[in-house]
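Letters A, B and C mark the chains as written, and numbering starts fresh at 1 in each.
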Amino acid sequence: MGEAFLLKVEKLSKAFGGVHAVVNVSFQLAPGKVLGIIGPNGSGKTTLVNVITGFIHPQSGRIYFKDKDITGLQPHKIANLGLTRTFQVMRPYHSLSAFKNIIVPLNSPRVKKTRAGRLGDKDAVAIDILEDIGFERDTRVPFKTAGSLPLGYLKRLELARCIALKPEVIICDEVFSGLSMSEITSLIPLLERLQMDGIALIMIEHRLRELFRLANRVMVMNFGQKIAEGPPGVVMSDPAVKEAYMGKEKSP
Amino acid sequence: MRKKRLDRGVRARTEGIYALTSWSEMGYLIFPRGVLIVGLLVLPIFLDLYGQRVLCAACIYALLALGFDFLAGYVGVVCLGGSLFIGSGGYIAGLLNSHFGWPALVTIPLATVGGALFSTLILIPCLRLRGIYFAIISFMFPLFAVYIIIALNIFGGTEGISALDTLPNSWVELYLIIPILLIALFALRRLVNEDMGLILRGIKDNDQAVKASGIDITLYRTKAVFTAALIGCFGGAYLSHLYGWLGISLFAMDFSILPIAATAMGGMGTLAGPVLGALILTPLSEALRGFGQLRVVLYCLILIGFLVYKPEGFLSYLQRKYEQSEHWEEV
Amino acid sequence: MEIIIYGTVNSAIFALIAVGFTLVYGVSRVPNFAHGSVYVLVGFLTWTLLNDLKVNYAAAVIIALTIAGLLGLVIYRFVLIRLRGMATSEIIASFAVSLIILEGLRMQGIGGFKGFIGPFYMLRPFVEGKSTVFGVIVDYQRLIIIAMGLIVLSLLWGFTHYTRIGLSLRAIAQDERAAMMLGINSDRTAMLSLTIGSALAGLAAVIILPLGNVTAEAGYRVLIYALAVCIIGGLGSWAGAVLASFVIGFAMKLSTFFFGAMWESVVLVGTIILILLFRPSGLLGKQKELEERV
């Protein structure tokens, strides 16, 4: 069946010396869908993201984005094509104020290509983007130095950085980690809104309950390999997945 | 007993046109800059010929310090080879003048741009790498230039080339470089708040995120190095026409080290601090010229002292003192 | 044949010069720009001990080396220790120290200290005379250089692979945090590495300087050579440094042979630029040095 896919990953492998971080992983992502990637710590999820977005070169395998082979391209070129990612370890530009953080992606070739990108007033656009994701303009939060913002705001800032590029895919690397329940519940509508706007999401998460509210399909990784893929309910009852998370049952 | 620090006033610093609403705002903004501008423009009148020459030299070092601070404090690139810029600017200007007979008015701009292109080109291979490579390479290149010039005996070899055109009179000398210094200072201060400056500062803080935002960081680093090179090469071109000769001393270690000491003293990241540092250190080093190599020893000691004990530098210290008041109080 | 012998000598010279620097950088990630100045300082110190104080050669060498090691220790303890982690400040500070030493040696007239200026200072070779190796006439000092190169490298290899202290050096080099968790004191190890590194610089000086004379300017040249070896071989890789020493040593001798001694520096710069363009992490550099971890 020739279904259109946005992102297709084929047999990706990457090893660091003796550590096989990613082993023969393949998956596809259709436009506007949400794919969850879960697995125990150290199963290679972040490395997979690094390889897909060009920060690390794979040893074998191919990555196709919109029918174009992007394997081995530099990260900024990949971002300019519309495939963006957030970072698990938060790193804003801490000496700049929050909205100036967003002006940086607004200067990328991707945004400048659009007429609105060239002519628009970048300051105003940046503040609008921040307001959309929950920085209240009246309380002057967008003008605070990014280094002084609390974690909840920083996570949103990361997402805003991706949104500013008008992407087609956002890979969210553990965007819920470190947030309190109320912060997560206020973040979920934002992600749903992104999906409704047509942006496909890949979400790497440990918080399964919240993830399953959003994800259409879920992929499970363990020791660098993909061990299951499918709708959330099906995947969680797969014995291999249960074993990965909880270990084998002791034989009587 | 403990030290209590109070921030002075809760007023946010206004930017732009709203500053006109308050006298004290205006004072804060205009006074230091006014003193600097007026001071520099007026100072030559009070100095004798020797003093004026020292001022010119100080301005050259100030330009280099400006470039170094811009690169190190705003782009995260540590360039240990200021003498590379002076040398390439100076040699190109001098060679154009001695071989083709072009006047200073033509050679200086050409050497500024040409020297900047040359320096940036040979530094490009290290811009993709971690900062330490750039530091090492930028340090090595001026020394290599000296070895090559001596070994191949090109461009005048060890004696250099003399009898170049000098600038018409001392007023031209002074009022060519002082406005350029001031323009460079204020232009760079403006630049770091414009889009390109924001990108550069983003690259310094976190270059992975900039890459992930779709921006080619090598390109922007190159632009930044080119900008700093322009400033430095102008200094070099000016220098060769100031004294009318060029030689391997244009690549001297002095030009690499004094700007760094000036920056450490004045405060990295403030752009104005290094300029002040240079304006202070140069006369100091001139005064010690009688002691020979002692002056190098001295400003290295100053440099280490500031690096280790007061890394924020003078200007940041003054700024902090102005914004905060401290006093001891009983607990 | 001549090329091979003299090329090997040249490579040994580079290796001896660079090994101290590589050790310090590999272990504590501190680029010790004062390396060249220690080299020169030991040269002058030995000369003074020999000529002005009439000390026996062997004793002079030992004293000078000890002072070199102590100097490395002092540099770390009082300057670098506060700058640990800030690579740019470390470079600037150690370079400032180097300038203080090198320019200080050239100072004149302070307290009656006559500066060391001019090509008048020479160290006597260990053994005078020449010999013939494979049909080529080589003086003994050069042969000693090759021998010492081998000895130093194998001693270092043994030290870092088989003694407890040496293993702790390697541990810190590979993963500082893990080593610290096992109780290895990072600062002390760094001090040790700087002491050994400076002593090695001194050793190199004592062996190599008899070939020519001792000048303060040589300090910069030595530093550049050490840096060139590290860049071409890969920062932090010891095998790379050895390999790079051979590459540079032979390349420069070959260029002298074919084009004349003047082109040596050009060849060196060219090699560095080539490596930076095509294999930036060095010949044997570990590739992850370049990939910044996300």
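Going forward, contacts are C-beta pairs under 8 Å (C-beta built on N, C-alpha and C of every residue); 3 or more make two chains touch, one makes a residue touch a chain.
Treat the numbers as computed from the prediction; the structure is a model and nothing was measured.
**Student:** Taking all protein C-alpha atoms shown, work out their mean, then name the chain whose own C-alpha mean is nearest to it.
**Tutor:** B
**Student:** Looking at B-C and A-B, which one has the bigger number of contacting C-beta pairs?
**Tutor:** Pair with the higher count of C-beta contacts: B-C.
**Student:** For subunit A, which other chain has the most distant CA centre?
**Tutor:** C
**Student:** How many angstrom between the C-alpha centroids of subunit C and subunit A?
**Tutor:** 47
**Student:** From the mean C-alpha coordinate of subunit B to that of subunit C, what's the distance rounded to whole Å?
**Tutor:** 32
**Student:** Centroid of subunit A to centroid of subunit B, CA atoms only: how many Å?
**Tutor:** 42
**Student:** At least two other chains touched by the same residue of subunit B: list those residues.
**Tutor:** 208
**Student:** If a residue has to touch 2 or more other chains to count, which residues of subunit A qualify?
**Tutor:** 55, 87
**Student:** Give me the residues of subunit C that touch two or more other chains.
**Tutor:** Where subunit C meets two or more other chains at a single residue, that happens at 294.
**Student:** How about subunit A: which of its residues touch subunit B in the complex?
**Tutor:** Its residues touching subunit B are 53, 55, 74-76, 79-80, 84-85, 87, 91-96, 100-101, 103-105, 107-111, 122, 161, 164-165.
**Student:** Please name which positions on subunit B make contact with subunit C in the complex.
**Tutor:** Subunit B residues touching subunit C: 72, 78, 80, 122, 125-126, 128-133, 135-137, 139-141, 143-144, 147-148, 151-153, 207-208, 253, 257, 260-261, 264, 291-294, 296-297, 300-301, 303-304, 307-308, 311.
**Student:** Could you list, by residue number, the parts of subunit B that touch subunit A in their complex?
**Tutor:** Going by the criterion above, the answer is residues 195-196, 198-199, 201-202, 204-206, 208-217.
**Student:** Help me check something: in the complex, which residues belonging to subunit C touch subunit B?
**Tutor:** By the definition above, subunit C touches subunit B via 31, 79, 82-83, 87-89, 91-93, 95-97, 99-100, 103-104, 106-110, 115, 220-221, 224, 227-228, 231, 235, 261-266, 268-269, 272-273, 276-277, 280-281, 289-290, 292, 294.
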